[in-house]
């Protein structure tokens, strides 16, 4: 199922249902990507957003490894080892694509030319700080890839994640405790429980799924506003 | 006529003749460009060096406006307004050429990838400082083009000029009085009267044409050494 | 999304007085003459123009200068055998001039497009054109700090565009176009012809559509005029 | 002048112990596997390797690591599902690691190739990976100063080369190859096939021959093996 775009200026609580499943979450993110945008979808769950973009959305996908106008994942007989996405998964080349090298690809990101980038996260702060590259665990091998470049490299950075970790602790926090990927870079936070705006104005709930803003606010250590100011 | 490459370690005085004509000077520069070099020839007189490169020299010409493997000037029926050299003169495209944009073209220069660049000059100092872009006259419109990039952008910078100005003053000087194009960048100075090495070791005459090292030294305000140390 | 039009006036609509306009071309090669003529009709004035040269003859950029629309030129080589329009304005003190070494000019625009805050360049060290600039020795070599040049608008000439806005250029007419396309808020390209999606080789696209806001299709412009 | 050979061992001759080697590829796409295998046979050790990843599976870069030839990896993403060779060496403390954000990695090599002394990048500001780096606010935005990464050698994979040494790539296998080619003193490319002069479109050449010192022609290598 998909939800309609919420009316401007009003927070919508979708009750009588549970939190969003992974596919539903991807569909909500896809719903909010403006027509004809240039979009980078991060590795992992964000990649699935592509499956929910309407065929006529006009959205053009960028992949950090040097392609604009990337097509869907390749079927078995289409696999070409020279053509993959950032997750090294074989993809396809629709008409109108363009290839470029890594310095040009990251110039495109760093220069602020992408409209939207969708990333996963360990934590997001109320100001929009992002932590998504490193758990900080002493035995973890650090690996950043393009995460820091993407974090600062799009006009809008959307994060998609579950709102709570497996141990029940919130992942939307006052201050990130995990090592940061970027400062004040996230604009919208898509979770199974709710969609938030984050940034200089703090946290504002746009939609909730199977819960109310008040219920969520009680479980979070941040102040959650509503679009309608209540 | 052309001169043989002078024997290593010996300064050669070509007497019984006058100073070099413009064509002869270009031929001497061409003689000293190593086989298979990547070379940029500056606007004006340096451009004529191309006419003296052997057909089998393997030299590949770079033009700052975005081409490697530039061909000779276009004949009347070959003129293509989209294909010119840095002097905006129509040229041709032999097999094996490559085009690139201006940032890439100057990255190639600034990054030190060209073997030789040949420039004209108003003055060259004994240390190899170059002045070739601006007379400093109050009514002159300053225009630098790629001169400063070329001055620092080749492994070897050759300058070709007359040794003396029309008023008889030497153009090889202790300190340039014209505004500088680059510091300590010239390695070899080709003039109608003599070929010099310049740089940290000062001025060394390699060849003279129609005059002796001693005669030249008497007319210059710099110390001129000989390759053989006399 | 790239808007495609055959109408030069539509292509340049909305350019504001006081705008910084990047103008492609090296001499006449790659010069977006039709867009400049439309800009003259459009009327924006008090412009800062960034271009390698300061106009040739009486058309294109020279005509914009002659129309008195340009407050300041940022370029590498204003003085040419056929730059009489600029020369006259300059000598009369009616135009400001910032001379930038050609490679720094290109790299400063690249920096603007690539989100680089500033860079240390070895070009110009010890010369008049580096006076007052921050200087630093790195690894034994001297550099000056150069800042990005960002355009409000870029007017460029390309060879072909596709329906999506991807561009290819032709020979040395490529020059500043691809760099300027990345460095401006609004990039407008004139192309000889717009082709269908799939007609350009994805390996040979020089300017991907993300950098192109509007295309003027000269073949459509001619057909309708 | 670009030397062309069908012999992988000749292609990598002379690489010195202690060299910094830039290795192309993003995962296996663009990875110069035959050159790396030859480098293992060649025997150079104590290498610093700069590459986006730290090896996949047991071949290519992973095999070089397994052979104990690499002292230090500079990369953006060492930890992958199939990076067991690197993971083991790292956990045993037998290899040094410098993690660099992918775009800074590419841009630092571009700077090396382009003669830029250093540049201010907004990527990584306020993170662990910018600790100890010079920081500056320019036009209201925060940046960190990043320095060039220069290679003694670059090993890259391309698609086709021509007799002069011009290279084209194929699809997303292009990735780091063109940047690394500019950033190394000695650039060695393996290509599927070498074609005659004139067979590559001059508009579509990605790496001009000036950046290519040696080409390994894989079609000739196969024919002779």
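When the chains are written out, they are named A, B, C and D in that same order, and each has its own residue count from 1.
Everything that follows uses one rule, which is that a contact is a pair of C-beta atoms (placed from the backbone, for glycine too) under 8 Å apart; a residue touches a chain by one contact, two chains touch by 3 or more.
For each chain, UniProt lists the protein as follows: A, B = 3-oxoadipate CoA-transferase subunit B; C, D = 3-oxoadipate CoA-transferase subunit A.
Fair warning: this is a prediction, and the values are worked out from it, not measured in the lab.
**Q** Hey, what chains does chain A share as contacts with chain C?
**A** A chain counts here if it touches both chain A and chain C, which gives D.
**Q** Report the inter-centroid distance (CA atoms only) between chain B and chain C in whole Å.
**A** Centres of chain B and chain C (C-alpha means) sit 30 Å apart.
**Q** Per the centroid of Cα atoms for each chain, what is the distance between chain A and chain B, given in Å?
**A** 56
**Q** Let me have the rounded angstrom distance from the C-alpha centre of chain B over to the C-alpha centre of chain D, please.
**A** Once rounded, the distance between the two centres reads 35 Å.
**Q** Enumerate the residues of chain C that touch no fewer than two other chains.
**A** Within chain C, residues 107, 110, 114-116, 121-122, 169-171, 202-203, 206 contact more than one other chain.
**Q** Pull out every residue in chain B that's touching 2 or more other chains.
**A** Chain B, residues with two or more chain partners: 93, 99-100, 106-107, 109-110, 152-153.
**Q** Can you name every chain pair that touches?
**A** Per the contact definition above, the touching pairs are A-C, A-D, B-C, B-D, C-D.
**Q** Quick check: in the complex, which residue numbers of chain C touch chain A?
**A** My answer: residues 1, 110, 112-116, 162-164, 166, 182, 197-198, 202-203, 205, 208-211.
**Q** Can you list the residues on chain D that touch chain A in the complex?
**A** Against chain A, chain D makes touches at 26-30, 52, 76-80, 86-87, 90-91, 97, 99-104, 106-107, 109-110, 121-129, 142, 159, 169-179, 206.
**Q** Note which residues of chain B are touching chain C in the complex, please.
**A** The touching residues are 63-67, 80-84, 88, 93, 99-103, 105-107, 109-110, 134, 139-149, 152-153, 179-183.
**Q** So in the complex, which bits of chain B are touching chain D?
**A** For this pair, the touching residues of chain B are 35-36, 38, 58, 60, 62, 68-69, 93, 95-100, 106-114, 152-153.
**Q** For the complex, give me every residue of chain C touching chain D.
**A** So the residues of chain C touching chain D come out as 107, 111, 114-122, 136, 138-139, 141, 143, 147, 168-171, 201-204, 206.
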